[in-house]
Structure formats: C-alpha cells, structure tokens
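Okay, structure first, notes after.
Letters A, B, C, D and E name the chains as they come in the text, with residue numbers starting at 1 for each one.
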Amino acid sequence: MVLPVVEKKVLLKVNQLKQYFPIKGGFFGRTINHVKAVDDISFNIYQGETLSIVGESGCGKSTTGRAILRLDEPTSGSIHFQDKDLLSLGKKEMRSTRKDLQVIFQDPFASLNPRQTIGQILGEALYIQNVVPKENRKSRIEELLGHVGLRPESMERYPHEFSGGQRQRIGIARALAVDPKLIICDEAVSALDVSIQAQVLNLLKSLQRQFDLTFLFISHDLGVVRHISDRVMVMYLGKIVEIADKKSIFEQPQHPYTRALLSAIPVPNPVQERERILLTGDVPSPIDPPSGCRFHTRCPFAIDICKSQLPELKISAQNHQVACHIVS
Amino acid sequence: MFVFIVRRILQTIPVLLGVSLVVFLIMQMVPGDPATLLAGEGATKETIEMIRHQLGLDRPILYQYFDYVIHAVQGDFGESLRSSRPVLDEILVRLPITLELALASIFITVVLGMVAGIISATKQYSAADISIMIVALLGISLPSFWLGLMLIYFFSVNLQWFPVSGWGTINHMILPAITLGAGGAAIVARMTRSSMLEVVRQDYIRTAKAKGLKEHVIIYKHGLKNALIPVITVVGLQFGALLGGTVLTESVFAINGLGRLIVDAIRTRDLPMVQGGVLIASVIFVFMNLAVDVLYRYFNKRIDLN
Amino acid sequence: MKPEVVMNNTELNVNKKKSSKLQHWKAFYKKFKRNKLALIGGYIVLFYILLAIFAPLISPQDPYEIDLVNKLQPPTTDHWMGTDDKGRDILSRLLYGTRLSLSVGFVSVFFGAFIGILLGLTAGYYGKWIDTVIMRIVDVLLAFPGILLALAIISALGPSLINVMVAVGVFSIPMFARIVRGSTLSVRKLEYIDAIRALGATDFTIIFKHIFPNILSPVIVQATLRLATAILSAAGLSFLGLGAQPPSPEWGAMLSSGRDYLFSAPHIALFPGIAISTLVLGFNVFGDGLRDALDPRMKK
Amino acid sequence: MKQFEEKILEVKNLQTYFFTDEGTSKAVNGISFTLNKGETLGIVGESGSGKSITSLSLLRLIQSPPGKITGGSILFKGEDLLTKTEKQMRSIRGNEISMIFQEPMTSLNPVYSAGEQIAEAIRLHQKLGKKEAWNKAVDMLRLVGIPSPEKRAKQEPHELSGGMRQRVMIAMALACHPEVLIADEPTTALDVTIQAQILELIKTLQKDFGTAVILITHDLGVVYETCDRVAVMYAGKIVEYTLAKEIFTNPKHPYTIGLLNSLPRLDMDQEELTTIPGTVPSPYNMPKGCSFAPRCAHAKKICEQAVPDLQTTGPSTQVSCWMFTPQWEKEYDAQEKVGV
Amino acid sequence: GCTSDQTSSKEPEREAKEGGTLVVARLSDATTLDPHFITDIPSANVVYEKVYETLVVPDKNMEPQPLLAKEWKQLDGVTWEFKLREGVKFHDGAPFNAEAVKTNFDRLLDPKTSSPQAGKLEMIKEIKVVDETTVQFKLKYPYAPLLSILVSNEGSILSPKAITENSDKLGQNPVGTGPFVFKSWKSGEEIALSKNKDYWGDKPKIDGVVFKVVPEDATRIAMVETGEAHVTDQVPVTEIDRIEASDTMDLYRTDGLAVEYLSFNVKNKPFDDVRVRKAVAHAIEVDSIIKGVYNDVGTKANSTMSPKVFGYDPDIKGYDYDINESKKLLKEAGIKDGLEITLTTSDRKERINMAEVIQSQLKGIGIKVKIQVLEYGAYIDATAKGEHQVSIGGWGNATGDGDYNQFNLFDSKSQGAAGNSSFYSNPEVDKLIETARKESDGDKRKELYSKAQEIEREEVPYVPIRNYEHLAVYGETVKGLWLNPANYLMLDDITVQ
C-alpha cells in the first residue's frame, strides 16, 4: 500500500501558509489583535492519496482548507496546485481551476442556499463546470443522490426539509458532481450514522481508486481517519506537529499531543479498555499562542527548551515527520 | 473603521465637484433665464442684458463654473442672484429648522413604523396585521398635503390644540412631524414586517425559544437586530430626504426649510442658490449614508465595508 | 446497491424530464393560491388591468366633457363619484386614467428597480472601489432635487410620456440601489455563497441566482410601495410640463386638483385617493404572497 | 449498574408529521420511551430517522406549519407538555429542559457575541445581573474547553471554529443546570480530547444535579462510554430499546446489527467497510409493514405486511422485529415466496 | 363683489382701538427691499407706502394725490416741478429735501447701479434742485404718464444718507420716511415693521406689522380663521364660499389693474392669419370661464386694458361668443379639416383650468387644442422666444397708466420678454403709442389710446379674457383694511383689536 517515494506526484504544495484574522475592538473597530489561525505551515499532498488532518478543535483545520480554496485570501504563503500558483491565478483561471478543487463544508446547512431545491443545487454544480451535457444532467443528479443514499424524490425538496445527515450528504453529492481531482472533506461524514458513513466512505474510496482522486480529509473521528487515510497530519494551534504515514502514526505516535489524542478515542468495544493520557493545563489560544513549542503548556514531558524554542518539523522515521524537541 | 470614516469623508470632495458640475450643466440646459425672471414684467432687452452683465452671466460658461468652484473651495458659495444675500447665510438659517423637523419626524417614523411592522410580522395575517397594512398603504398613497391640511383643520382650526404654522416650540413641531413621519412610518412598517417574517423562520430564533426567552425578547432582541439591515436603509434614505427638505410639508405648515429654499431657487433659476442647496443636500446624504453604513457594521459585524 | 439505484433513476428520469419546469410553476402557483390574501391582491391587480383595457367600453360618460354648470357635484345617480371642478364625471375619468397611471406606475418602478437593483447588487457584491463609485453616484442622485432632474429631462429629451416614466424611474433608482446593496452586503458573506464560489460559479451566477433571490423580499416591498409614489410624482411632473398634460385623467393629477376642494368637495380628492390606495394595496398584498410563495420555508 | 428510580420524562406514542405539498412526512411515527432522573439515554439510528425531530418535539419547537405533533403525550414530571400553554413552556425551556442543537452555525444568532448568547439564558433563569451573568458565561466557556474564554466570549459565531460553535451551544444548554438535557449530536465537531472533556462535564452535571440526558449521536463509542440505555431509531420508529452495554454485546434487531458491522475498526485495516444494502424508505411513503424489511436479509412475508410491535425480549430490552415474536417460526421466507 | 363696508352688518360699529401688531400672511417672501431693485409685488408690498413713501400717491381710483410732494406742475413739455413737504425726516434722521430726491433718482438712473427699473424712467434727463423744497424733473422728451411712474414703487424716496453710506445694505435694511420703520427680516420666514413714532403725518394706529411667509393657500386662510394671522392677500378663488360662510373672517374684494388674455403668436402659422385669430376669439365663451374657473372673481375684459387704467375706453367691444361666426371665419381662412394647435400656459392652477375650458370650447369649432403646461421660468422663456402658438398670459400694469399697458403689449419694440408676447407689430399702433406718451392733454391721450385699442381689437393679437379682482381675507378683529388697485395692502387706517 505504501508507495515508493519516487513515484509520488505532488498534487498540492502548501508552502509557509499563514492565515491571520484580525480581531476588531472599540467603537471604531480598530484591529486590536490577531487570531493566528494558521501559522506558517507547509505540506504536500500527493496525487491519489488521502491526507487527513486531525487536531484539536480550532487549531486551524478548516481555515487551511478554506485558504487552499481561496475562500479567504491567506495572509501569506503559497499554494501550488498542479504547478499552478493558486494565489496568483486570475479570476477566470481560478474559476476553471475550481472544478478540480472541491470542498465538503463542515456546516452543511449553512452551505446550502435555502431557496434552491436539491435538484437545483446539484444541477447548478453540473451546469457551472459543464461536466455533463444538459440532457444527462438529471440522470447524473439522480445517480449522485443514489451514491450518497438519498432518494431521487429529494430533488424537489429544499434543504430545511432534510435532517442534518441528509444535508451533509447533499454537500458530498455536490462536491462529487464536478469530478474534481482534489476534495477537501471538512468533517464530511461526522453527521452521518455509521451505516451511511460506511457507505459514503466506501464510495469515496472506490472513486479514489477509479479516478485517482485525492482527498484532504479533516475529521475528528480517528476510526474514520484510520480507515481512509494514507497519511495523517496532526495540527496543534495553527501548526503542524506531526505528519506521517497512517500506520506509522497510529502505531508509533511520536508527538505527545498525538499520543494523547489517540488515547482518548472512545471505543465501543468492551474488551479493549485502554489507558488514557489526560491532558492537563489550560488550552492556549491562537490569539496569543505560547512561546516556543505551542504544546509545552500542556505537555507532560516539557523541558526548558520547549518554552523558548519552536521545534521544527523533522524527519524522525521513514515517512514520518514530527515537531518536538524531545523526540529528536 | 476610523480609516473608513475618514476615507468616506474625503470622498465627499469628488462627489461635491461632480454634483456642482452636473447642477451647473443642467441649469445651463434648462430653459428659463434668471435675468429675465429677475427683471420682471415689462423689462426691456437692454435691462435684461444689463442685469445679466451685472450678475456675471454673460461670461463664458466654463469660466463661470471654474470661478464658482474656486470661490466655493474657499468657502464662498456666492450670493443669491435674487436676493443678493450670501447663499451660505440663507442655508444656515434653514438648516437648523430642517434638522429639527427631520429629527422629530424620523422619530415618529422609526417608532411608529417599527412597532407597527413588528406587530404585523408577529401576528401575520391577523386583524391587527391587516389593519396596519391598510393604514400604512393609505399613508403612502395619500399625498402629504392632504394629511397636512387635514391635521391643520382638525387639530388647529377645530380643536385649536396646535398652531397652524410657524416654528419654534414643540407644539409647532407636532403636526408637521406627523405629516412627514407618517409616510416614512408606512414604508418602515412594511419593510420591518417583511424583514422580520424572513428572520423569524431562522434556526437561531428556535434556539432563542429553546432558552425559554419571552416572546418579546425573541422578537426585539434576536429577531429585530437581524432584520434591521433593510430597515436601516430605508430609515437612512428617509432621514436623508427629510434633511434635504420636503417642499410640500414645509409649504403646508409654512416652515422655513431647505426644501422650499431649493425649489424656489430652481424656479427662479437662482444658480448659486441651487448649487448651494444641492451641495448641502449632497453632503447630508453622504453623511447619512455613511451613518447607515456604520450602523450596518454595528448591527452585523460580518458586513465588511473596507 | 449502486447499480440498482441508478437503474431506477434513469427510468424515472424519462417520464419526468419534460414536465419538471412546468411542475415547478405549478407548485409555485399552488403555494401562491393557498395564500388567500395574495390571491385577493392578484385579483385586485387583474381587475385594474381589465379596467385599463376596457375603460372606453365601460365608462358611463365622456371623461373630457366639461360641464361648468354641474361642477363639484357630490356623488349622484348620474355621476356615481360626482363631478370634478370642471363638471367632468370623476368615475369616467378614473376609468380612463387607469391605463395611464398604471403604465406610468409600472414602467417607472420597473425601470427604477431594474437599474437600482443592478447597481445595488454590483456595489454590494464587489465592494471596494466599485461600491464607492456606485454609491457615491447614488448619493448624488439622491441629493438631486426631483424638479431639477425633471426639468433637465424635459430639456434634454422633451416632454413625453415615456420621459415621465424615465424621470420617475430615475428618482427610484437610488432607493432600490441602497436597499439592495445593504442586503447584498449581509448575504454575500454567508457560507452558501462561499459554497457556490468554490464550485467556480461566475460572479454573474452568484449575484443573480444566489444573492438576488435571497434579498428579494425588501425589493418587493419597496417596489410595491414605490408604485404609489410613482403615480403621485408623475402627476407633479405633469405640472412641470413633463408627461401627460391636462386634461389627461391621470390619477395623481386628479388627486392634486382636489387640493383646493379638500373641504368644500372632498370627493374630488377622495376617489382618486381610493383608487390609488386600492391599487397599491392590491400590489402589496400580491407582493407579500409572491414573497411567501418564493420562500421555501413557507411551504406547507 | 446504577439504579434510576424517579421517572422524569415519559414519552408515549409521540407522532410528529410534516404536511407538505408532496404529502405527509411521518418523521416521528409513534415513539415511546422513558427517562429517569440522572440517567443518560442514547438515541442512535439512521440519519433522517427522526432523532432531531423527536428532540424538537419534546420542547415543542417544531416549526408549524408544516410540522405538527399529531399524537401522543410527553409527560414531564407527570404533566403533559403538549397541553401546556406557551407561557408555561417558556419557563420549562432552557431552565428545566434544555437543548443542544445539531447545527451550531445556523442555530447561533449571527449578530450577538457568543458570551451574550450564553449570558442571556443565565440572566433569565438564574436572575443574575448583567456582569455576573457574563462572568458565568465566560466560566461556562472555559468549562467546555475553549481557550481564552474572555476573548472568545466577545466574538461572534462566524469568528469561531466549528467545534467552538458547538461548544458555545453546549455551554448555553448547560448553563442553567437543567433537569433534562437534550443533546443532538453535541460532539460531532469536536476532537476526541475535547469530546472526552465535554462528556466528562456532562457526567459531573448529572452527578451534581441529577440531570437526565438524551444524547443523540452517531458515535457508538460515545454511546458505549456514556449512556445507560439506548434507543435505536429507524424511519421514525424505535426499533430497539435496551441497555447501552447490551447493544454491543447482544444486538437484536437486524438494523442494529448492521449498524455495528458498519463501524470502521481501529484494530485492523479494511479495504471496504460493511454497509447495510438499500436505502431508507421515503418518509412520505412508508412501507405497510416493517420499514426495515426492504433492506433486511431475514425479511419474511409478514415483515412486509404488518408493523411489528415492540417486543420485550429481556429484563430491559425491547425490540420491534417479527423475529422475536411467536409468529416468526410459522412464517416462511418472503424471498422464498417470491421465488415460487 | 363685496367690499369691507358691505360685510360689516353683523359687527358692532367699528371702535378703532389703537395698538397691536398686524400679522399678514403672504404667499412668498420678498427678494429685496430696495425699491430700485424690486421687480415683484410681494417685495414691494412690504415697503410701499409703509417704510417708503413716494412723492405722489394713488388713491382708490389710481388718481395721483400729494404725499411727499405737496403740489406739482408741468412747466413745459419736458419740465415738471414738485414742491416738497417740509419737516419730514428719514428714519435714520436724515432730512427729506430736494437734494434727497435728486440723490434717489440719480442713483436709480446711474448705469453703475444697474437698476432693473432704470428703463422705466429713462425719459428723465436730469433732476434739478431748485431750492431746499423745490425740485425739477427734466425729461428727454415729453412724457405724459410721468406721475404714474412716480406713484409706483420705484418712485419711492430712500434715505440719501443710507444711499451714500451703504448703498448695498438697502436691500436688507430699508430706510425711508414712511409710517413704519423696518425692524427685522428673517429670510424665508417673516419681515417685521414697527410704527414710526416720529412720523410726519397721521401716525398708524397699530404698533407694527409682521409679514409672514405661508406658501400654502389653505394654510393662510386657516391662520386667519384661527387668528394666527389677521390678513392674507392672495386668496384662491375656490375658497370664497368658505370664507363668506365663516363668522371669523371676511373677504375684501377690489378691482385690479391687471388683465388676463390669450396671446397669439402672430408670426407663425396659423395665427398669422387674422381670421383664424378672430375665429378663436369668437369661440371663447368668456363668461363661463369667469364663472366656472374664477368663481366670479373679476369681470369679463373687453380690452387688454383694465377699466381702472388711464386710457381705458369703455366703448370698445369685446368679442361676442358666436360659433357660427367662428366657423365662417375659419372657412374663409381656408381651414376645412379642423386645426391642431398647442396652447401654452404656466403652471398656475387657474391658468391650467382656463386652458382646459378653452380647449373644450374650441373643440366646438373643430380646433383641437393640445395643452402644454410649462414651469414658470420655462414658460417665460418660451413665450419670450416666440416658441409658442397660443399662450395664456396676463399683464399686471403696476402704474395704472395706459402707456405701460399699450407700449409693453403692443409696441414692436416690446416684442418678446418685454411683454409683447404675440410679436405683434403695426406701425400705426406704434405711432399712436408714441404720440400718446408725449401728449400732455389727458383727453387727447385717451382718444389716442381709444384709437389704438380699436385697431388692436380688429387685429386680435390678444383675446382679452378677464379683468383682475384682488381679494384679501381678514379676521373679524381687523378694521380699515384696503387694497389699492395695484394690489398693495394699505395700512393707513387699519386697526386690530
């Protein structure tokens, strides 16, 4: 399953990406501070792989996704997709490139136009990128709905008439509609019951196999992550702390945060009770992140250097990078 | 935001230049000559020529415009062709009056309009809603002179509660403020209603309900703030229009406001006065709309104006 | 599982394909119809349109026939709505005036709304300097006294009915532009707009298909209300020589001719006033129904 | 096993329908369960099976039209909520029964800060002053694990991450120590460490205040670790109602079994996950018999003809499946019949 | 009409109490208060015979009476001598004397002053101070109606001190010799005058006057009704019935000097043909206009000169209403298939109404009239440039002398803006007007004007419609109000209680 390094083709290259949001205050709304949502991260996504991002809520996962899609203009950094620098593309080029880059939003309801029926929402996606001829659009929509386990009648209904999970499936169908190359799945399956989730995950995997699709998969469900990913990237407070092959990370997690994370997974298996590493200490905020290693305030193993010096992402094993002073 | 406000204020400059140029050109184009009108009955051609010369209207057109602009930049807006008084003085006499009237009537507009709109929205299709709607529409369909004169006859002539005309005390303000406020109130009511109806169907209203909040807290706090954007817009427009002066009501109640000043100036082709009036109205609108934009931001932080 | 579902769908597809659009309209009509008031509104509007078409057939008298002996008569069996200050039959005049006032009202509101909406959407969506330029122009337009604008239009275009519509339309542009812009500002930041942007939609699609329907409701309110203002201000302009000249039975003009008789012969102002308000009422109610029918959340 | 004596909520045959142009959607179609003080009831089930609508119905928050509670009763401390006036409901909502909504973005008011939205409920039900309520709101945010809560409290929903919004909802619901907490997928957007923290928080609350919790979730791990009993829903009905542990060790209903089999496994790699074949029936057009029958591998003719009642199969287990009825043995296979 | 004397039946005998401030509500504000620059009645009304006085003053019949001049005589065709009243002082203390008179007229005639009224007095060559109380007017040519100009507003005598010290301020701060002293002017709102305690003649009975600007007709009347104002002088004809029925206000009516008429543009087709003009004249039923549109305010005019104007000839006949005659004339003119014409009017309500009635009347002879309403400025512009076919106009005639009427309306030199809006030109008429101007014998002048009016009647450049009647409404507390025929409010006798 692990491909030899040389054969991997980089599909997306994120370089020193930063995304700061201003915090406004006072009557005149001056910028008094910044949320450093994503703070200087670099990583690659290879063609045909699934890279998952996991990490504490608010650590910048969605923001990374939005930046790649240029839904927010990043503060700095560069994003190369198939050798095109996305951030410098003109409006028109960007539009056509969007066909290859899709997203499934974390908040499904908010991302559906309340005045469009499901049929219109999906039809529009097909129309915009003109992926299928007009006559076939309808059957394609029905096909898409079928993929995500919705009935064809759903076409005539509006988003508010669906349950949370159904809405999420509509979002998935929309992303799939345009035959993209890279899909950013932001909590794409979190609101689905396990059977539908299984169905969708199977679908994603089979599409990946068939069309050489690439996924950037954001999820909290480590079971799902483990199932779907090739590689996993762990973020903490706007930084990448660890990035590695799935196997390597699940079997030999190296960063203390990753280890804590893995130990906290609830398992519906009475036989497999495990020891939890409980994190203590206040969760720091990206508004004024701690100096040095951002995790040092909660790290059970922190030493002096952790407080002052930012650890760099270093290769610690084959296909395994970690940013920790202790590990290296 | 501070930068935004400063920038907007600076934008007034090109706006004013544009306005003055357009006014100037239009006044050149419009038939009717100030000198002839000033000369009055029986004036000979020579007399008219003489007046024209004296008013400087025989100078080349572009020269006249630039001369005006150069003086205006220095704060000299010229003299009225008719009364020879400084335009600025004439405007400054009327501005406070217009301002008071506008404030009084916008108060009525906002209070009456929003309350009626909210009642309408929360009781959609009830008797109250329908009556409010009908009254509001009557308010809009009937011209303000009608309402004004009716009020005068009922409250001033018959009941003698308020003076017929003039300005100065609260009593003077009530009838004109109602006359002016009523039309606006109707618009605001309809806007509020429609906007509220949209908002009360949102999920966060459900959340507010789930908290056990009282109906009126849900409506006024959670609903209204979200519904306000179009309402603020119309209130802003209304207020701007009031500040620019409203001829009919000013006439009916003999209020010495900007609206009459400007219209009279147009009718007598008193160019400097028209210029001054329209410029002041433009400044008012620019500021009004600036205020509206700032309010947008205040009520909805997601709106990004920069 | 997969092939099975797809098969089913294709079958369904064949018979459903053609009727989809029609069904959409049917559903819309059904929803609209369920709103009793909206239906009444629709009927009122329709009624006026019929009046406009058939005015010459149903008018009891010649609307232009001056009869100074019988002027200012209150309603009688001969003159159901009385006579005006020149002894003309008010009912007949109102009937004949329907066409005029309706078309002035309609066309000018439509014209103003059309341009205003375009400007507002563009300004609100693009923001930055585009917003600045458009909105400053709108500010100027707002500050411009109506009579000056009207005089300018007459001298530039000459007095004609179309030009009245243009003039009145121009007055309404800023109203629409500002309302639309305000609402656009708040809608464009919503996540579903991001979603459609992420699909690579053109700005055109985003603006007209996604933002516009979601800001329609204040536009409908404004448009239905503007109708009254348009009819009234068209009359004001006819006194400046723009547009329908006397003795055209324009409603607004009829209403203002009642100004001198508010107390001695109130019916002169009353009936045109009623005509205008009923029309506007019809439109508003119709507009409300339209809005509700367009809002999927109001679906029953 | 803890013992729960005091019944706090009893739902009997609850029906919530949506009347739309296309017909009647029987979103909740006759549901009964009870909830005792301090207990946690998990509701799992197919997406779209009516979990959220059930919870909204409990607080009478169904949008009407098109929704309507058409039958049944909801006894809260012995009194039927369906017969209460709006005013009475108000004092119950947010105070005695509170709710965490599934969609944190649209359920939060976009124009008020997170802190304000929490403080509001506190002010209302605990009669605290502005300042104190705000401080308490900040404390709540800290409690749900939001870093720099003082600053976050001042931010508006769109400035927060998905998980933070969800935690704001949680903080809001927990602020007034309700007697019943309805949590609709409260932790979907949370990472496991925070999730653990939140669940811990809820447990503390239960211990301290005897709060009963209805926890709607898809995460069977969470069910396992936090729930006492669990109801499995399918197409508007409860198909299995049992002890939480029971469901993992001894699932009965074919749907429940299918669900468990669909879980991705942490202990081994699978190329493909197991799924339940077929799709849920349309809520507008429910099959006459058992709604799971079309997807059920065991279905027989009777399954397509009549709806099975909830059968008590163990001390605290009820299943709605013909398999557990005496009739079952007499039936021959539906498939077989079709084959003939 | 009913004058103030007739309406007094319900009141007790007038008991003239002194004091009080008279409040006058008026349509519009003054533009300037400097008589040398005033061109409109609303401005003149504030100062005329109130702040300022003239050498001679017209009485109710427009006959000149002494005021600041005690007596006068014409020494020869071009020299007039005036004996001035002694002991008169201006409000600023300056004495009134011959020098003061000279200063005034010198200022008015000085081209640097650019007075719009200079043209009216251009016949004056020189003002000669004979002694302290004697002054002579030397004319360039004989000009009979000189007195009629001296009685009018532009003949007001301003303080010479004010003229020399700050001439520019006079527009805002009038200083004269009159019974009232200027007090204040709130632009657009009101002008207040107070009683001149040192007035040389009979002192006014009221303490002061306030002229308030109230643009809306109905409001002005309501103000009188409630007592907020005492007098208003521009009354719409539609309110007459209501005023007469009221027991809190009364109506004052007086015949005016102005005439309203229809003016043909004789330069263009089809009204270059006198038969067409005449046809129209005979097709207009004036009585029904006066009754129907004007509610019987004013009388049918038979000439463009009103009966109160010097030179009016009562024997001139108006045009009879005679449709057959009209049709005949049209046929003669070769118009068979009817005619389409445009009738231009300003945006005054009554004029629009009149236009509509005329439109319907002309339909009877197959003329289709299109009404074109123009905003006042545009109307003046259009008629001055001769862009109209037929227009409705009126001539105010402030002086009350026939010359002011005939010269402006008919003389070829007055074509266009100066008044001759029909662009009428007839050398014979020009000559008659010229001669009448110089003729000092009143009877002879009248004869000349008769002749001119005779010709004009035949050539029909105008169809006279109505002689003005001026209306004023006053509250029951007001006594002694009168309007002079030029529509000036006269306050010499007025009292308020």
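Note that in this section contacts are C-beta pairs under 8 Å (C-beta built on N, C-alpha and C of every residue); 3 or more make two chains touch, one makes a residue touch a chain.
What you see is a predicted model, and the numbers here were worked out from it, not measured in a lab.
K.L.:
Could you work out which chain's C-alpha centre is the most distant one from the centre of subunit A?
P.N.:
Between subunit A and every other chain, the largest centroid distance is to E.
K.L.:
Which chains share more C-beta contacts than any other pair?
P.N.:
Counting C-beta pairs in contact per chain pair, the top pair is A-D.
K.L.:
Go ahead and note the Å separation of the Cα centroids belonging to subunit A and subunit B.
P.N.:
Centre-to-centre distance between subunit A and subunit B: 52 Å.
K.L.:
Report, in whole Å, the distance between the mean C-alpha point of subunit B and the mean C-alpha point of subunit E.
P.N.:
The answer is 38 Å.
K.L.:
From the C-alpha centre of subunit A to that of subunit D, how far is it in Å?
P.N.:
Once rounded, the distance between the two centres reads 27 Å.
K.L.:
Determine the centre-to-centre distance between subunit C and subunit E, using the mean Cα coordinates as centres, and give it in whole Å.
P.N.:
Computed from C-alpha means, the inter-chain centre distance equals 47 Å.
K.L.:
What are the residue numbers in subunit A that touch two or more other chains?
P.N.:
107, 109-110, 146, 156, 161, 199
K.L.:
Quick check: what residues of subunit D touch more than one other chain, meaning two or more?
P.N.:
20, 63, 103, 105-106, 158, 275, 279
K.L.:
Find every residue in subunit C that makes contact with two or more other chains and list them.
P.N.:
Where subunit C meets two or more other chains at a single residue, that happens at 1, 5, 27, 147, 151, 189, 191, 259, 262-263, 295, 297, 299.
K.L.:
Once bound in the complex, which stretches of subunit E touch subunit C?
P.N.:
217-218, 236, 238-239, 241-242, 288, 291-293, 347, 349, 352-353, 355-357, 359-360, 370-375, 378
K.L.:
Can you list the residues on subunit B that touch subunit E in the complex?
P.N.:
That would be residues 30-33, 36-48, 50-51, 53-54, 82-85, 89-90, 93-94, 145, 148-149, 152-153, 156-157, 160, 163-167, 250-254, 256, 260-261, 264, 267-269 of subunit B.
K.L.:
Spell out the residues on subunit D that touch subunit B in their complex, using ranges where they run on.
P.N.:
For this pair, the touching residues of subunit D are 56, 59, 61, 63, 86, 89-95, 98-99, 101, 103, 106-112, 117, 120-121, 124-125, 156, 158, 169, 172.
K.L.:
For a test of understanding, state which residues of subunit E touch subunit B in their complex under the given definition.
P.N.:
Its residues touching subunit B are 25, 28, 31-32, 39-40, 111, 114, 116, 118-120, 168, 171-172, 186-189, 212-216, 218-219, 222-223, 225-226, 228, 375-378, 380-382, 384, 395-396, 398, 404, 408, 413-414, 416-419.
K.L.:
Can you name the residues of subunit C that touch subunit E in the complex?
P.N.:
For this pair, the touching residues of subunit C are 64-66, 68, 71, 85-87, 147, 151, 154, 159, 238-241, 245-247, 257, 259-264.
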